[in-house]
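Shared chain: chain A. Partners: chain B in the first complex, chain C in the second.
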Partner chain A sequence: MNHLSVLLKKEWLEASRSYKLLWFPVVFMFLGIIQPLSSYYLPQILELAGGLPEGVNIALPQITAEDVLASTVTNQFDQLGLLVIVIGMMSIVVSDKDNGMLTFILTRNASLGEYLLGKWIGQAAIVAGAVATGMLIAGLYTSYLYSFVPLSRIVAGLGVYYTWCLFMVTLTLLMGSLLSRSSGVAVVSLFVLIFLKVATALGSGFQIMNPAHLTNHAVHIMISGSALPHFMTTAAVTLLLIVVFLILSHFYLSRKELPAS
Partner chain B sequence: MHYGYSIGIEELWKWLPLLIPFLILHLILLVVALRDLLRRDLSTEYRLIWTAIIVFVSLFGPILYFILGRKDR
Partner chain C sequence: MSILQVNHLQKKYGEQEIIKDIGFQIQQGEFSALLGPNGAGKTTIIKMLIGITKPSGGQILFQGERHDRKRPFIGYLPQHPTFYSWMTGKELLTFLGRLSDIDQESLEQRMHELLELVGLSKAKNKRIGTYSGGMKQRLGIAQALIHQPKLLIMDEPVSALDPLGRRDMLELLKSIKQNTTILFSTHILHDAEELSDKILILNQGELLFSGTLHQVLESHQQPIFIIQAPRVHEWAPKLVNENIVESIDPTGCFVKVRVKDIASGRIWLLDRIRSLQLPIQKFELVQESLEDIFIRMVR
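So, the complex of A and B:
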């Protein structure tokens, strides 16, 4: 497994050269700041924006700290965050295919599996760092503005949410190995992910098979401390899909990129 | 009738400690993006356009540069 560590080092170098190590966490930190601030200052913001017409009364709901963290995940991380993850990851395999780096790596005795695993671990680590820092900032702001949320709940919710993030990364990786243009990768992955997310709103029985449903589990863990029923099924299906996607991209690339021997 | 925004100075003071991390993060992104743009060998037009985007598109300007601007070299 010596090749893998070299490939991981290369991933690290690439990520720091493209400033991904900088802007990924910063975007998620922005997202983590925005939600607590905007929900805390909503009355003042409404007033600043010209106020409501006379005679209109809105009863703003009483928001708890857990609600704020939950909506950070559902409103910010799962929308802009999802977009950022896909767009940031769209060219990881495609650019290597285009500039011949993939062929070059494969001539150096590294196997395709090691290459894909290196890519996957590298990107997954970046996303993990970004999501964790974003959530940390959101937690700090909510505990300052609202009240303290038990750290164990945040960590547990984050872990569940991260599994869904892993799904996004793996899907983008798969699309990267199937398609040859990074814009196509972004469009297809976004379409699939947003479709899955919209499907969670339907809320019927097949949700337990839907990876996007993990967000709801994560939110439920943060708010009440326990997951929705059938959590294990959803998690298992997601992990299985991740493995299947990795195998599928390995299968496709090995047929496509390696000369038949 | 009053149009537009009005923020009192004292109100701004109250918000400032919470906004400072936001501003610092934005500043870091801005400086890194601009430094990278200026260090690279590019045509003047390209530089001007991206400088404008980085500085004036708030929050997402530098990020747009990192995603799109660094690709075609």
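So, the complex of A and C:
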């Protein structure tokens, strides 16, 4: 596994040179801050925006700390965050295929499996760092502005949510292996992910098998301390799909004719 | 001993035969050129040699044996090496060297030697993105040699360079020629003539000739007449004579005429010049250059 460490080192260097190590966590930090802040200051924001028309009275619901964290995940991370993950990862395999670096790496002693694993672990680590940073910042702000949320719940929810992020990363990696343009990778990945995400609103038994449903599990864990029923099934299906995607990437790339330059 | 032996190599994409039953050998220490026009199949052959494309038939033997993993044997330089522009030259060599299982200590040593050899010692800590085309190509040579391969394969190493970069590259290739076996593809005949011991002429997936430069000249070279006079295109068509003239090739300000028989051809041409009253500036009998032979072969 010596090659893997060389490849991972390269991923790290690339991520730091392209400032991905910086802007990924910064984006998620921003997403983590915005929900607690905007919920807390909503009355003032409404006031500043000109207030409500006369005679209109709205009763703002009593928001709890748990609600804020839950909407951070569903409204911020799962929308803008998802977009950022896909856009940030869309060219990871495509560019190597295009410029011939993949051929270079494979005409050395490294195997395709090591290459893909290197990419996957590298990107997964960047996303892990970013999502965790964003989540912890959200927790910090929520605890300060609202009330204290036990760290253990945040961490547990984060862990479950991260499995869904891992699914996003792996899907994008698979699309990168199958397709030859990064715009195509982004469009197809986003389509699939948003479709799954929208499908969570439909309810019904299918949700158990939907990786996007992990967000709801994560939210429930943060709110109540326990996941929704059938959590293990959803998690198992997601992990299984991740493994299948990795195998498919390998299967496809090993049969594809790579450009020589 | 032959380092590389290729027998009955074939490649088909669907119905289309890109490479048709090709066989050749490369001996230790040889500098061979794979010559052919664009689309002849040079890159396809190279891709099969380095093991990223599977042949449809035939075999490729390295030192007499089949190898699924040919990588330790071969150093490879593609046509347009791009590398990672965000890496420095030294980082790239380290990265690729480590992937070839060279340990850190010998890698440092080797890198130092190679950067010296290709003249990039000063630029080793600069980003590859700032390198010129020639520097990238030289870095490409360094990365191809880092694991001390038995055979260095290069796809059009000089075709895309400006005259200065080309000159540098040719000098560099001459200096590594002494202790490396090299196979390179090109469509520039002059480069092949200048560097190689052996040439392989390829056209439309078929090997037309393989042998030394001397052999190709000896077996294929024919004498041709060169006639120079103003307004070539006006009088060149008037030299057609099926019994005597084999081909007429007007290029620039002169015409190359190949005749069936030198003695009678000369008399006929001189007669013709007199009767057309051509104000000739030059009338010369020369031996064909490699380029003439090549063009004749691939047409």
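Following the convention adopted for this analysis, the second predicted complex is superposed on the first by the 256 of 261 C-alpha atoms of A that agree within 3 Å, B and C clash if a C-alpha of one lies under 4 Å from a C-alpha of the other, contacts with A are read in each partner's own complex, and residues count from 1 in each chain.
Here, a residue touches a chain if its C-beta (ideal position, glycine included) is under 8 Å from a C-beta of that chain, and two chains touch if they have at least 3 such contacts.
This is a predicted model, so every value here is computed, not measured.
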### Task
Answer with clash or fit: chain B and chain C placed together on chain A by superposition.
fit
### Message
I'd like to know which partner A:L240 touches here: chain B for first, chain C for second, both or neither.
### Response
neither
### Query
Given the touch rule stated above, what does A:W23 touch, chain B (first), chain C (second), both, or neither?
first
### Query
Where does A:I87 make contact in the superposed view: on chain B (first), on chain C (second), on both, or on neither?
first
### Partner chain in contact with A:N109 - chain B first, chain C second, else both or neither
second
### Query
First (chain B), second (chain C), both or neither: which does A:K10 touch?
second
### Message
To the nearest 10 degrees, give me the chain B-chain A-chain C angle using C-alpha centres.
### Response
80
### Task
Scan A:L37 for contacts with chain B and chain C and give back first, second, both or neither.
first
### Task
Report the closest approach of chain B and chain C over their C-alpha atoms in the superposed model, as a whole number of Å.
8
### Query
Which parts of chain A are touched by chain B and by chain C alike?
18
### Message
Taking the touch rule as given, give the residues of chain A at its contact with chain C in the complex, in rising order.
### Response
2-3, 6-7, 10, 13-14, 17-18, 99-101, 103-110, 257-258, 260-261
### Message
Under the stated contact criterion, what part of chain A meets chain B in this complex?
### Response
18-20, 22-23, 26-27, 29-30, 33, 37, 41, 44, 48-50, 84, 87-88, 91, 137, 141, 144-145
### Query
Hey, which residues of chain B end up touching chain A in the complex?
2-7, 11, 15, 18, 21-22, 25, 28-29, 32-33, 36, 59, 62-63, 66-67, 70-71
### Summary
Per the touch rule, the chain C residues reaching chain A in their complex are 43, 46-47, 50-53, 69, 71-72, 74, 76, 78-84, 86-87, 91, 95-96, 98-101, 143, 147, 155
